[in-house]
Every structure is written in C-alpha cells, then in structure tokens.
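One chain, subunit A, links the two complexes that follow: it is found with subunit B in the first and with subunit C in the second.
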Partner chain A sequence: MRNGAEILKLGTLTLVWWCIIFGAVWAACYIVGILIPMALTSYESDAARMTAETCRALTPILSVLVFIPINAMFMVLFERRGLAIFTVRLGPNRVGPDGYLQTAADAVKLLFKEDITPRGADAFMFTLAPIVFFAPSIFGAMPLLAAVTNYHELFQIANLPTGIFFILAASSVPVVGIVMGGWASNNKYSLVGGLRSAAQAISYEIPLVLSLVTVCLMAGTLDVVQIAKQQSGGILNWNIFGGGALRGLDQAISLKFSSSAPALQELSKSSFEQVLKSVYLEPTAQALGLGAGQEGLAGIIAAFAVVLLIGSIWIAYGLYMTGACAEINRIPFDLPEAESELVSGYNTEYSGIKFAIFFLAEFTNLFIVASIAAVMFFGGGDCPVPAWLGTALGGPQIASVINQALTPLIEIKLVDPPTLFATIWVILKVYSIVFFAVLIRGTLPRFRIDQLMDFGWKRLIPLSLIVFVLVVYAREFVNVHVGT
Partner chain B sequence: MDQFEMLKAWAETNVETTMFYFLATVAIPLAYGVILDKTIIRSGFILIGVFGSICGFFLLLQAQFLALAQLMIYAVGITLVIVIALMLTNPRMEKSQLSNATPANQLGAFMVAVGLFMTIYLSVRPENWTLSSEPLDTNNVEVLGRALTTDYSLPFEFASVLLLAALIGSVMLAKAEKPSKPGEDDYEYTVVEDGPIAGDPRQDREPAVSKR
Partner chain C sequence: MATDTEVDLTPRLKTDEMLINMGPQHPATHGVLRLILTLDGEIVRHTEPILGHLHRAQEWQGQNRTWFQYQALIDRVDYLSGMFTSWAMARAAEVVDGCEVPERAEYLRVMVSEMNRITSHLLWLGTYLIDLGAMFGFPFYPFREREKLLELFEEIAGQRMMFNYIRIGGVMRNPKDAWLSKLKRFTEEFPDRVDEYEAIVTQNPIFLKRTKGVGILRKELGMDYGITGPSIRASGVNLDLRRTKPYSVYPKLKFDVPLNDRDGDTFDRYIFRIREMRESNEIIKQCLDMLPQGEISGKKQIAGLRVKAGEGFAAVESPRGTLGCYIISNGSDRAYRIKWRNPSFCNLSILPELLKNHPIADVMAIFGSIDVILPDVDR
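Then we have the complex of A and B:
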C-alpha cells in the first residue's frame, strides 16, 4: 500500500475543500436569502419589502455564482491529485499546506495575465465565444438546484415544469461558443478543434438525450423535482434500479431470514411469497389480463420484465455517461483540444481571463453532468438506506439527536435539516461520479476521429433506441413509481 | 394601495409588453445583420442570435416547450450550417462578392420578397384566429404530447416523411459525382483519396532500414 498515504491525503484535501466551498455557498445563501430579509422586516417601508423580495429571488443565482469559481478550483486540484495517484506520482504539493492552494495560485496567475487578441482575429466574436460557452452552464443548472436542495423554499423559484428539457437545451448551446472561438481565433488548429467539437457534440447529443428521455419515460414527467421526489425511500426506489421495480424485495428477504425482526411491523403478517405476489404477479397479471390459474406464466413474465427494465436502465446510464463525457470534451473524447495533435484546439489563442472562463466552464460542466446523473439515476438527495432499515438501525433517534444539537441553529434558520441531509447525500453522489470521470481520464486513451464517429453513430445511437423501446414495453409489466 | 402593490400591479400588466418590445428591438436588427453582413460565417452566428430572441417570444407566450425546442434545434442546427459553410467556402473571412447582382436580379428579388410577405401576412393576420381567454394548462407539455400523438398524428408522421425525403435527397446529391476534367474548374483543390488515414498505424509499420 504505497499509495495509501496519498489516498488519505486526497481524502483530507477533499473534506477541507468541501468545507470551504459549501461553507461559502451556505453563508452567501443565508446572508442574502434569510438574514437580510429578516433584518428588513423590522422596517415597514415599501423599499424594505421590495429589497427583501429581491434578495430572496436572487439567492439561487447568487449561490451558483459563489459556487462555480471555488468549485472549479477544487475540481482542478482534485483531478490533478487523483491523476497523480493513478499514475504513481505525487501531484501538486508545494503551494500552501500540502498543495491545497495550488489552483488558487493558478487562478490568480491567470487573472493577471495579459489578455491577447491575435492579429487577424474577429475581435468581437473572439470575446463573445467564452461568454456563449460559459453562460448556459450557469442558467442551465438552475432547475437542478431546486431538485438537489429538497425543494427548499428559497430555491423553488428555480424550478421549471420542463426541467430536464431546459437543462438539455441549455447544454446544447456551448458548442456554438466553441465553434465561434475556433473560427474567430484566425488559427488553423483552433478552427479544426472547433469543427471537431461541432461534429462530436452533435453526434453524441443523440444518445445522451435518448438515455435521459428513457428515464423521463419511466418517471412520467420532465420536472426534475418530481423525478427526485419519486425516487425517495432508499436505494431500491432509485431509477438506476428500475425506479421501484424491486420494491419490497429487500423487506421480503429479511423476513425470510429473520422472522422476528422488530422493525418489520407493516409486513409482519405477510410472508415472503405474499410480498412477491403483491408486488410482481398482480400488476403483470393485470396488464396481461391473466386469470387466477395462470400465475406461473405471470411470474415468468414479471421476472423477465424486471430484469429487462433494470438492465436497460443500466445501459442507459452507460450511454448517458459516454455521451456526457463526449459533450463536455473529456478524455477519451477530448479531440477538440487534443494537445498532441492540435496544440490546444479551440482555446489555443486564448489567454488571461478569457482562457480562465473556458477553463471554469469546462469543470462546471463536469459538475453539472454529474449532478444530472445523480438526480436522474441516483435519487437526488435521497438516503440510500431504505426507510424501514433506517428505522430498524435507529435512524429516527440519530436524527432527533442531531436535530436537538442543531436546535439553536434551526431557530435562526441557519440550518434546515431535510435540506441539509439531502445536500450531503447529493454532494457525496455527485463527487463520486466526478471521481469516476477522473478515473476514466486516468485509464483510457483518446479516440481517433473516425473511430469516434463510428462508435457514436453505429453503436451508441442504435443501442439507445433499442433501450428506449425495451423500457417502453418492460414498464407496462412492472410497477414503477407506484407509491408516489 | 401602497407603493409595493402599485409596482406589482404595474409589473403584471406591463412587463410582457415591455419585454416584447425589448426582444423585437433585439431581433429585427439581428435579422438585418444576417442579410447585410459580408462574412457568411458571421451571418450564421448572428442567425443564432435571431433564433435566440424568437425563443424569448415563445417564452413570453408561455410556450416553454416550443421555446426550448427552438433553442435546442436551432443552436445545434445553425452550428451545422456554419460548419458546412466553412467547408464549402474559403473560411478566412474573405468578403463574398455580393455586388454582382444586376438590376433585373434585384427587381426579381424584390418581387419575391413582396409576394412572400403578402402570403405570410394574409395567412397569419389576426382576423382568422379565434381568441380564447381560457387560462393555459400549467403542464402544457403534456397537452402538446397528447395532441401530437392522437389528434394530429398524421401531420406529425408526414413531417417525418419530409425529413426522410430530405435525408435521401442529400445522400443522392452527395453520391452523384461527375468525373471532373482537369482545368475545367476556376480554382484548384486537392482530392483526398479514399484509403488509410494519415497516422494509421498500419501505414507506419514500414521496415526500419538504417542507412549506413
């Protein structure tokens, strides 16, 4: 275990930076969303009321603006240290305590660099490109905010009935920025980078959108808050496990092995077979119109449909991650900025603050992609432990102890327990997916452009269509999201 | 009625109109820019701006789904147009020769423009539409989806047939290559042969013979 010490250091670094990031966001939200309006209620003038309302309405966008730069700094450092571990190096460990401030120093350096516009470049487009690249990632993330904070009242304003479609529409805009920047730079490498990016983004957007459409089909809504809510109640309700297709199975199995489990009050009178029958046989028999004597047939079809549904969703998740990696130009799909072929692709000519914006947007996009995956597939802010098991393990007692400890903070509205727990789970899930992306970056080589196109059009798009049709049919025979 | 309520009432009645005029003042100059800009690629990017402001109009009409579809399809679609323009023209900001239009051409273009405007105006003028004061369904995506798959499924299918025809047509155009004679064209271009791509490892695997 030569890497053990390094992994431990990475873990400490992550925790410290999480405290910095989310402490800052928390403080900003609290001051603007709650403290200022509360202070203003003592004045009974119209101006005070107006200011309070404006402050509340601005909280979501402010939280995003505070979050993005600090988070990008952390993610760059996280990625560099993570890659160092994968390639058995040390990584940045000189600036600040154990390299904690490396990326902060980098950011300061980038801001003080001279901002150069190359000769012959289209100056207006050259300036516009980073903005077009970055702005959609800010407003595209807004509906997600409502979903990951457990629909906290300050963030309800950010929610939209067309949630996931809004996010996808916003995420399709940045490619315009890349092409624009590549063309305006007056540089062959930049131009080729921009063209590659356009081809890649258009090809891989189709499997990406189709995989998310599959999930929306299962959920029956486009609203991300609804999708997150439907999946509450433990790991078996998450979309990645068929959105409740395995509901009740965990309880039934634990009933089989220990019939005296005290927490299983609601199921104490029923047996393993009865649970199976009520969860699987009845909906299938109902869907097929089978009578009482054909339970064996219904059972086989039910089992087949459940396996098909869960398998399809796993494939859809794989398709989503592949398409998302291609959309945000990460290895193995980083052809638009392939250093060894195109110098640095579309951002070759950029320097100073404009390059910083490109860089910031790239890491923000990675975070957004991971949060979409967390909300759509992994239940958003839901605790993975099923509710009945949590009760059996003393969850309510622990929660009440925490609540009591936090009572003074809850009273001044600094902490809202449901939001707090939801956010902690979301943070864990999202950064796990980010870590997975870093792992892929450390593992896979880059695609060649013709391989990339073949893979996208001949493999991923047909596969995503097949998965879509399979889910349409499998969903009919399985109870998906019944409880909600 | 205090100041706050008054402001709220004003906003409820006037914000939509104000936003409409704001979007219109953005959209119309941009639309002129698409025609008047000498660089074809710039026109393409300006066109994205035009579609962006049209997306804003749809949002004002509370057609969120249409607005987002507009953004999603045109942002990507126009990017494709730009890429094709880059491939077919000289990408280095060369001014295209627009001044070779004869007066006859200009007159013809003007006639077509007037005819088109009249046709569109006559078809969309407000007299033919029944006005409704019913509140919109909050979940109008669902209404739209139901309408497209039940009442209007035939037009919907026909739209996809149109797309298929366009697809086949483009394949046919791309396939129909005439063998060009050397010296026939005004400008030169290099023909890339079908074959292994440069950098293909199979090609690089030549026996390493050292010269001594």
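Then we have the complex of A and C:
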C-alpha cells in the first residue's frame, strides 16, 4: 500500500470529526431537550410547563439544524481527502492540524465574499432559489430521525405512516430551486443547466422511486420507522439480504450451535430441520397448493425464490444508487453543472452566501440519500452481528459492563447507550455509502445528456419494473417481514 | 410521416436558434479561445472560432531580438512542447547557416524531444479526461509520470517548461551519467503505467460512449484543411515527418508510426496518442543505447551568435503535427524575417466542420481531441 499513511490520516480525521459532530449535536439537544425542561420542573406554573414542552418539541429540529452544517463541512473535507488518496495527491492538509479546519476556513471565506446579483437577473427569484434548494433537505430528513436514533423519546417527530412518501416528495422539490436559479440568473449557461436538471430529475426519479417501492412492498409498510424496526436483529434481517428471507436459516443455525450438550444437540438437530421446514417449505407448499410428498419440489422453489428475492433487491439497490446519484447531480450524472460544458451550470452566477447554501445543500442531499439507503436497505441503526452470534460472543456481558461504567451519565440522561450505538452504526453505514460515491466520482467521466436520457428511460425504468414484478412473485414463496 | 425504414430525425418543432459565447473565459477552452456557437436546442449548427486573444507577435519579436535572445523566447510558442519549437528554429537556422551538428547532439535532441512528446501527450490525456467530465479521479495519474520527466528536464536544462535546451548548432548541456540511468529507469517502468491508464480509460463504457463515433474526421477533409500530427494519422494519412521526410538520426532508429485504416473518430485520436507514447518510449530506449561520445555543439553559444545570410525552411514532427520554421537571415545577429507554421493553428481550422450537428456536450470532447494549444494558435 503506497499511501497507507494517508489512509490512516483520513481515518483519524473521520473519527475526530465524528466526535465533533456528535458532541455538538448532542450538547445542543441535551441542553434544550433535557436540562432546560428539568430546570423548569421546579416552577409550578403553566408557563414553565409550556416552555418545557416547547423546548422538547424543538429538540429534533434543533438537532437537524446543528447537524447539517457541521456534517456538510466534514463531508466536503472527507470527499477532498478521499479523492486525494484515489488520485495520488495529498489533499488539503495545511489549515489547522493536518487540514482539519480547511472547510471551516472555506465556509468563513464564502460567508464574507461579496454577494453579487447580476444585472438583468430577477433578484427575488435569484435569492429564493438557494432557499428552495436547501429547505427540503432539512425537513426531508425529519422522518428519518426516529429511525436512526433507536426511537429515542426526544427525536420522535413527524413519525408519519407514509414516511417514505414524504421523504421522496421532499427530495424532489430541490429541482425547482435549480430551475429557478438557472432561469433567474439571466445567463444562458445557467438556463441550460437548470433545464437539464429538470429533465434529469424527472427521468431518474422513476427508477429511484420504483426501487424504494420494491423495498416497501417487501416490508409491507411505508413507515420508515417501521421498516427500520423490522430489520433489527442482525445482518440477515436487513432488506438488502432479502429482509428476513434468510431469517429461517439464521434461526436454524443458531439452534444448531446454541448448545454443546449431546442430548440437547440431538434435540436441536431435529429442530434445525423443523425450523427450515416451517420457514421455507411450508409457506411455499401452501402458496403453490402442494400436498405432502412434494417437499422436494417445494424446497427447490423456495430456494429459487430466496435467491431471486435477494438478487432483485441487490439490483434495486443498484438502481437506487444510480437514481440517487442522478438526483443529487453527482458524477457521472453531474450534467446540470458540467464544468467543461456549462462553466458551472445553474450556480454559475452565484457567489458568497447563496453559493454556500447551494454547496451545503448538495452535500446534505448526498448525506440524506445515503441515509435513506442505510435505513431502507441496511437496517438503519441495527448492529450487523446477529443476536445469537452476539450472545455467543459475550455481547450482553459487554453491554452490562458499558452500562455500569456509564451509570452516572445514564442517570442524568447524558448518555443513552441504545441511541448512541444506533447512531454510530448509522453513521458508519452512511459514510460507507458516501465513500462509495466518492470512489465513483474519482473514477468515471460524465454522460452526455442524450445518452443519459437513453440510459434512464430505456434501461433503468424497464429494469426497475422487472425487479418490482420479480419481487412481487418471489415474496409469495418466502417468509419476509410480514406475518413473522 | 416516416414511411421508409429510415427514421426521420429532423425535428418537427422549430425553435429559435440560440447564440452562445463559449469563452474566452470558459474553464474548458484550454486557454483563451472564443467560440461563437449557434445552437438549435442542444445541437451545434454553426461555429465561429475567434482567435488572437493570446497574440504576442512572436514572429515580429524574432526580427527584433538577437538569435541568442530569441532562442530563449521561442519555447513559449507552444509551452507544452518547447523542445520542438526550439528544434524547428535551430534546424532552420542550421539549414541557412550550413553548420554541422555533432552526432551526440542529434541523439540528445531526439531523446529530449521524445521525452517532451510524452509529457505533452500525458498532459493532453489528463486534460482530455477533464473535458469529458472525469473531474477528479483519473486526470491526476498522467501527471505523476509527467512530473518525473519534468524533473529530468529540470536537471538537464534548468527549467521545467521553457527549456531553451536545443540551440542553434547543437544542445546546451551534456547530461550526467546519473541522469541517463534515471531516464533508463523511467523508460523501463513507463509501459506499465500506460497499461494502467488504459485499464482505467480504454474499456470504460461511459468513455467509449462519449468518444466512439463522435467527431469523425474524414481523410480527404483532413487533408484539405491541412491537418497534421496524430489527428490525421488517426484518420489514416501517412504523414509523420520522422518517416516521410526523415531528419536528424531518425532513419537509424526503429519505431512504428501507428496508422489507422479508416476515418478516425475521437476515440481513435485518443488511442493513437497512447500508442505514440509507447513508441516514443521505445525511441528513447534506443537512443540511450546508441548515444555516442563527442561534442555537443557545432557552434559557439555566445550572445553574439550569428547566422550566415540566406534563407531556408525546416520542419519537425511535434506532438501536435508539422511544426515548420522559415528563416531569412542577412548575416547580422538577428533574423531578417521569421515565419512559423504552427500545427495548432491549422488543426483548429477543422473545428467548425467537426462540430457541426453535434450536441453541445460534444464540443469539448471534440475540441479536446484535436489537441490544440492556444498560444501556439495565436503566437
């Protein structure tokens, strides 16, 4: 490994910044959501009670508002350092200790730059565009909050029964901001960029939504919190592995290895087969109307259905990532801001704080897209180790030790271990996906607009429809979340 | 109604044509070229290149500087292949002057020029991928190897870009043994690096989609416009001065001139430059083996350098094509008249033909593929 040292540096940088992000967000939430209401309990008045309630209600919004700028700041740095590793460079390493504060300095620079509105531009629209572009990414993230914090009482906001619909609806609003900005700039490059963005977003939203619908179909619900909850209990329960299609196997294996006593092992061996039978053979036989003596056929069909289901979900995930890359205008779909063609596309004329907001929103969108993937496909805040394996490895003991060590902090509600671990897992998953996006950005050139349209309409949409239909059939024969 | 099997692609809906000014301040025009594009939707119907933003009166300066001063200046004409501009002028002056160039100097000239060809193509490769939208990843890889060569240039000429190494009558400095062994090591590892580039780029489906069948340059059209260099060889015209009009020690060296057997598109122009880099590497290897001992200059390098009266023309094969220099000397310490034939200028003239009926996204893909250096166009 020629640049192992650089990779190590990126790792340290990531850890430090995660601590900063977590620290800042949790400090703000703790003060507003817990400390102030606790202090107010000593006053026996309606006003005090109402203030406490308001504080608690505002905490989730506050957490998002604190999280987004700091996180975007880190993501820019992460991307730049990551790209530097891929491209045999060093990346920004001068501002602050080893470049840790580079993006903070960039942000300050952007805030102090002159805010120019070009002559002939529609000033009102020109100002409105970045806001329309940015705002949806804030409220679009809301339904995800409970799912990624292990349903902590403070973060129960907007727990909509149609959460994923709300997120998708919110995520399709920013394109209006892009078109607005492109139109209002009074610049031909901006205009072309804005219109391209509209065409692209409309085309790629369809495979994106269809792939998520596939997941919802498997989960049987549109509620993101519900979808995340269903996937708890280890890597085999995640939607990406068929959403519990392998759970039977998981259970069976856990029974097989649960005990060492020979008599018990005999027992568990029989139950191993029983579990396999009840999870795979019986539903298949029932769905096909097969009688006794046709277990062989049922077994083959069940195995085929499981493979088909998992394969389809992986394709759906690929479709989701492709559509998402197009939706947030990242390479290879960054046509709205294609630098070598359109200078900088829709944000050519923007400078100062307005440009900063565009920039911030772009990275926030990447984060949200990645966190949707983490919740919908990768089990949200779930630990990838299956419960039985965790028990075998001494998970409960470790948990109790940690709980004991943190007791004083838990008592003043400063630490909530389930929430803490859930957020750590989420951030790991999300940043793995972000890293993948950075890798893509470091590898691929850009599509041409007509090729992009062809690819979207002639390849992705039919493929997503096929996957949808396959999942409909496959889940008939497999025990997924529903009913278990 | 399309009753034929062929589909009629002319748009039913007629929209207004849009005039767009690409450049001179545009991130992808490789300098300061201004293109006035007439767009029908996203399709380019007409292109008008406007030149001259970088005009520095290089020919006029040649008549007002002494030979010695002008030698240092001329690297700046084509800043990516300075060795070739110096060489063209040195050869023209030698034709006029009739002075002998020592064999060692000729070998050194070939060596540094081929090194320069590699650096020029490497930079082209990186920037071309940027033109295609690979903003961050691959473009930096060629610069890694280019950096090694530039360090070698720095060691031998004292400069990384404006070498002023090839002089009238010979070369400026004798390389040390350490320099030669460093260069040898480079030539040994370079083919692997080219394989690395090809592994990332040549098979990349998006790259193929963007380049195959785009900007096809017909052989006859290219010859009509006077296109030279890799661009025309990629369209199948056997025009490489190193072979067709051999100069220096090229007849003694074994190397291939890659030639296409059909009209070249953007992808061909890419792949032929890659092949040329490999060939240049082979040439350097041979030169290292055959390098004789001896003098390095047939003329004294002094400020009062004079060229005998007379006139003459000489051309070299630069990375961009035929680079010619015509000199009239009256025997004084400066030229009476200097005229340059720059490949970039002639190659750029084909651009409006190539861009016709291509979408705007292909403008940069095609413009990048003919490898034009703007200072070389405007002089």
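A few notes on this one:
Throughout what follows, the second predicted complex is superposed on the first by the 457 of 484 C-alpha atoms of A that agree within 3 Å, B and C clash if a C-alpha of one lies under 4 Å from a C-alpha of the other, contacts with A are read in each partner's own complex, and residues count from 1 in each chain.
The working rule: a contact is a pair of C-beta atoms (placed from the backbone, for glycine too) under 8 Å apart; a residue touches a chain by one contact, two chains touch by 3 or more.
All values reported here derive from a predicted model rather than from experimental measurement.
Using the contact criterion defined above for the overlaid structures, shared-chain residue A:Ala198 touches subunit B, although it does not reach subunit C.
After overlaying the two complexes on the shared chain, residue contacts for A:Thr87 are found with subunit C alone; subunit B is out of touch. When the two complexes are overlaid on their common chain A, residue A:Leu168 makes contact with subunit B while staying clear of subunit C. When the two structures are aligned on the shared chain, A:Arg49 is found in touch with subunit B, with no touch to subunit C. Applying the stated contact rule after C-alpha superposition, one finds that A:Val224 touches neither subunit B nor subunit C. Once chain A of one complex is fitted onto chain A of the other, the partner contacts of A:Asp450 extend to both subunit B and subunit C. Touch criterion met: A:Asp334 reaches subunit C, while subunit B stays clear of it. Residues 448, 450 of subunit A are contacted both by subunit B in one complex and by subunit C in the other. Against subunit A, in their complex, subunit B makes its touches with residues 2-4, 7, 39, 41-42, 45, 48, 64-65, 68-69, 71-72, 75-76, 78-80, 82-83, 86, 91-93, 138-139, 141, 197, 199.
Contacts from subunit A toward subunit C in the complex involve residues 83, 86-89, 188-189, 192, 331-332, 334-335, 338-341, 343, 441-451. Contact residues on subunit A toward subunit B in their complex (touch as defined above): 46, 49-50, 120, 122, 125, 160-162, 165-166, 168-170, 172-173, 175-176, 179-180, 183, 186, 191, 195, 198-199, 201-202, 205, 222, 448, 450.
On the side of subunit C, the complex with subunit A involves touching residues 18, 20, 26-28, 42, 129-141, 144, 200, 204, 206-207, 209-210, 359-364.
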